Amino acid sequence: MLVVMRAEATPADLDRVVAAIDAMGAEAHRVPGPGRRLALAVTGDMQPAEGAHIVALPAVDEVFWGGATYHLASREWHPEPTRIRLGGGVVIGGEAVVLIAGPCAVETERQLMETAQAAATAGAQLLRGGAYKPRSSPYSFQGLGREGLELLARARRDTGLLIVTEALDTDTVGAVAEIADVIQVGSRNMANFSLLKRVGRTGKPVLLKRGMAATVQELLLAAEYILAEGNPDVILCERGIRGFDGSTRNVFDLAAIPLLHELSHLPVIADPSHGTGRRDLVPAMARAAIAAGADGLMLEVHPEPDLARSDGAQSLPLDALPALVHELRGVAAAVGRQFAAKSGAIPA
Amino acid sequence: MLVVMRAEATPADLDRVVAAIDAMGAEAHRVPGPGRRLALAVTGDMQPAEGAHIVALPAVDEVFWGGATYHLASREWHPEPTRIRLGGGVVIGGEAVVLIAGPCAVETERQLMETAQAAATAGAQLLRGGAYKPRSSPYSFQGLGREGLELLARARRDTGLLIVTEALDTDTVGAVAEIADVIQVGSRNMANFSLLKRVGRTGKPVLLKRGMAATVQELLLAAEYILAEGNPDVILCERGIRGFDGSTRNVFDLAAIPLLHELSHLPVIADPSHGTGRRDLVPAMARAAIAAGADGLMLEVHPEPDLARSDGAQSLPLDALPALVHELRGVAAAVGRQFAAKSGAIPA
Amino acid sequence: MLVVMRAEATPADLDRVVAAIDAMGAEAHRVPGPGRRLALAVTGDMQPAEGAHIVALPAVDEVFWGGATYHLASREWHPEPTRIRLGGGVVIGGEAVVLIAGPCAVETERQLMETAQAAATAGAQLLRGGAYKPRSSPYSFQGLGREGLELLARARRDTGLLIVTEALDTDTVGAVAEIADVIQVGSRNMANFSLLKRVGRTGKPVLLKRGMAATVQELLLAAEYILAEGNPDVILCERGIRGFDGSTRNVFDLAAIPLLHELSHLPVIADPSHGTGRRDLVPAMARAAIAAGADGLMLEVHPEPDLARSDGAQSLPLDALPALVHELRGVAAAVGRQFAAKSGAIPA
Amino acid sequence: MLVVMRAEATPADLDRVVAAIDAMGAEAHRVPGPGRRLALAVTGDMQPAEGAHIVALPAVDEVFWGGATYHLASREWHPEPTRIRLGGGVVIGGEAVVLIAGPCAVETERQLMETAQAAATAGAQLLRGGAYKPRSSPYSFQGLGREGLELLARARRDTGLLIVTEALDTDTVGAVAEIADVIQVGSRNMANFSLLKRVGRTGKPVLLKRGMAATVQELLLAAEYILAEGNPDVILCERGIRGFDGSTRNVFDLAAIPLLHELSHLPVIADPSHGTGRRDLVPAMARAAIAAGADGLMLEVHPEPDLARSDGAQSLPLDALPALVHELRGVAAAVGRQFAAKSGAIPA
């Protein structure tokens, strides 16, 4: 349920509504809306009759219900696009298309520092790299854990790149949130609602990847879990869905980008590395994603892709980055945007 | 990695191997194998060269590698079917096909007790019911939580039915494990590897549902995460995969049942309620699942399906159960099995 | 459009309606309905206003429109199941579940005769075998053509089995219709509407296989093309749909069987050979299909499956048939039906 | 089978090989290769031993087998991209990206002429429009047939646009080939091999749409059927595959474009109208397709989309075309290509 307050609501009005919701055993989360308006996202168990009581309180404008509806993520109530301001002047969702590059997994200091340096030189604003890795097999490399986080922090100090890294579970969210500038929730966890609530409460921006079999509506409802915790900074990510043709790892569903932009005010980035699973197709799909309106690209790069401990087949070698960035700048310009300026130098 | 010890290995031999694995920074989990043999499932990061060192130790028979290989779940090393012995003489994976019935979510005491009574009378051995519910929307009913668990415990006392209920996250696994006879891991969490490890460590039997877009191999690798924690009691569950035809909620992939039986020694049950999403198709698909070799059925039933707070469209009314059970007994007999005897009266 | 005449309509009434439809440039196909009622399926281009003119004519009861609606295939207008009476007393859609067995392709006289003999002995009523084969590659064996048809005719003479064989295109429908007792339209041709119309006009019963990516509604609309030509004898066939898990060739969508029975009066058979693509899974899926309510089974069998020129991996060896038939008889009995009696000996 | 002749092969050498193939009961189709080399695509039934005999003949360079291999469509034997030269200087597969626009179906003279005029003015080189329409329901509008073809011919005379129109079946291929500059084979007919052979024999360029559930390999094998008839002018078309999310009509698989270019020398165009099924998503996906490397775009446009007799939801209004073309020119330029110059003014 979403309770929208009138623009002229006073703090006392708000407290009265929160108290009424508490008294019903539900929980109210304050959510800043457009202008000076405020909404309360209500989670927990509330009956329609109780909602009718709330709408009658002073300074309450509207009450929305709806099991399968994403109020906070929707453009309806929030027509302006959300611009997520990270440190160093980097903005996601603004005019500039951001570049996030890095290895699938943090493996060694040398691997990470070389990659970070190359990414920064090529114009990336963010470095990606998993310290905690979700792997299909318990016998596969599961990431360096806390040591990986420390290497990421060092890479940030050395290069100025901001850090995106994945939180795998509620136990490690805290450690990840301490280091990360943006917390990633991976495809396999898109419907791990406990994790979504927890990352929502960290206050850090969240990069939410679409699940392998998730509809666009389900992705927006997953975002709603984060938003309902009062965290407005959610970046959606199209990364391919499962398909029947084994010649690519996934089906990269680029139409989801304009569709998400139409339904939601949240920024949308694209991951052509997972979207295709093939290094040879990444450049064309990176170009296509920008042309489709992506607000950013997430690319896997590695100093020695064929020796990577995970996802080598889809990682670009470092020396492929500059030429690709050059190409992508042209496509961005053709659709009225900038791409991959130096870190810290991106205007919103 | 899996280290298989020789049958004649002594405790000292075993300790030596465990110590060597520890010294390499990896973790050894003891796994009882067939006969008196024992294996060590090694998780964590280990190099091939280190594996070569292990295989040279006394009383080590073989060392298996393999990112995408499920050793413990495989029939190769464990040809006999696993029979999971629950309380009250109930066995899953034996000659008898078990019946698990109950509501999608525990809603009220009356709803649960009526359902439990009807399930027990119809011949079910286990009662299902969610206390913690994973819902696509944060505004949908999320379950009664701990109160729901207590109602389930009461239903067990009143009816003798064993309890299957879902653990949604690592925070609530403990509470669920205290009450549940079998802990369910839902479809959305099949690749929540932290949760899999945690339920593996509870020592309770685990009912693992196939993910909506998971291959059979991925389901077995998910089971491997639980088995690698030393928990041998994993029940696999086919519950439908995502498809293109909206006329059913999912595509019920019954061929996965004989395929899983061929690849693995673990018992396999079927959930035609989620598999179809339509009450009218459940009876035919329940019959088909037994004919395909399922070791159990999981059925959603509700006193008033049209008023259910979740999944009403796929829930059978209580009074449909006796006739369906009668029908299913006939099919079970035709494939040489029993079905839905009274609780406690099931021979292995 | 479907024009339903009143039960008391006279031939003159009917002629008047047909003439009106002709005058509008559309085409009326006479379709016998339940009781003595008759309907006219109207194909070609007609406007709603013209339909309004028709409904005002004497003895016209109702006019149905609907782009995406299958009137003739629907149970609504035809609640009783259709029983298709073939030669020799064989009925599809009656109490008995029929067995259709044979090789994927007719390859040699010896291969076909051995197979036919084994199928007849095992209790099959129909022999399948492709003379014209649709193959993904132009370089693969495309079938023996007319010579294959002649071998099928000989097999019928020798064994009494009726013949099901595929018509690939409008050019060969005539030749196929001369020999076949049932004309098969394959998956790849389910939406080849010209072929559907042409087989509809042969007057021979048609076995229509579901397309690899066809919804249940699309399958029924494809059947409607045949029915609208005045051919009431359509047998629907579930044979697997495309999925993401390469461990089986297709996803065998057994829930389509009860769903089709609910929506339509047409008989539904199942093809577990294509449905799974794996010989090892065929027996379990054949059992499941009967338990799900299939009116018949279509099985690929071959004297030497590993030498088959197509689909060897999914063909059963001849000596596997008797034991499987025995098993299937048990399942059929459990759901109140008979299975695979001798040819000619099947009561409706 | 593909028999590749040496560059120095004489006509007599070739005749000898053709005669040997004939003698084996198979059929040889002459296929011009790169340089002055020639190959013979052999269809029909031939044994490996017979192939061994062929390779021993004078001037035979190599013999390739392979059920699932597309020799003629492959880049391996034909590394240079195929440029298909149509009338009026229009080339598909050259530097310029072509624009094909028009209604789904030819409905009326006025509708077609208005559309053609608008398309020509906007810079299209080809006009699309179905005279024969494949429709899921027999009761839906099936196209104007021959009258539609005549209207298309008139539109060509009036505007200079070349014509792409669909051949639905072998019966109407002849009539379509008389009028069309490019014959379209639709998605539903991608595996209608008889139709593929027949359009192959018309000698007209063929636009081959990917089937709804076809893999990239299957699309190339379908092209191989046409090429093996000696017709080198095949244009591949990505138009969306079936997926699980009903929010778009299909999943537009843009990664197939660079993948097809990698595997094959044939030009590849994209159809974002069918690829998305939604007018609002067409512009973004048209941009993305060009960025992904498409050699052409096929767009549905209509004077009054909401009154269209088929596919209105995905048709753009005529007045949307100029702005979209302007945008697409920019994207084409960014990837080093031209887009939608006036008909007849496109250099190769």
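Going by the order they are written in, the chains are A, B, C and D; count residues from 1 in each one.
Methods note: a residue touches a chain if its C-beta (ideal position, glycine included) is under 8 Å from a C-beta of that chain, and two chains touch if they have at least 3 such contacts.
Since we're looking at a predicted model, the values are computed, not measured.
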{"item": "Per Cα centroids, the chain farthest from chain B", "value": "D"}
{"item": "Which of A-C and C-D has more C-beta pairs touching across its chains", "value": "C-D"}
{"item": "Type of chain A:chain D copy interface by residue overlap (half), same or different", "value": "same"}
{"item": "Distance between chain centroids, defined by C-alpha means - chain A, chain D (Å)", "value": "39"}
{"item": "Chain A and chain C, separation of their C-alpha mean positions in angstrom", "value": "50"}
{"item": "Distance from chain D to chain C - Cα centre to Cα centre, in angstrom", "value": "32"}
{"item": "For chain A, residues contacting two or more additional chains", "value": "213, 241-244, 246"}
{"item": "Chain A-facing residues of chain D, complex", "value": "213, 215-217, 241, 243-248, 251-255, 257-259, 262, 275-276, 278, 280-281, 284-285, 287-293, 327, 330-331, 333-335"}
{"item": "Complex contact set, residues of chain B against chain A", "value": "1-2, 41-45, 65-70, 134-142, 168-171, 188-189, 191-195, 211-213, 218, 221-222, 224-225, 228, 241-242"}
{"item": "Chain A contact footprint on chain C (complex, rising order)", "value": "242-244, 246"}
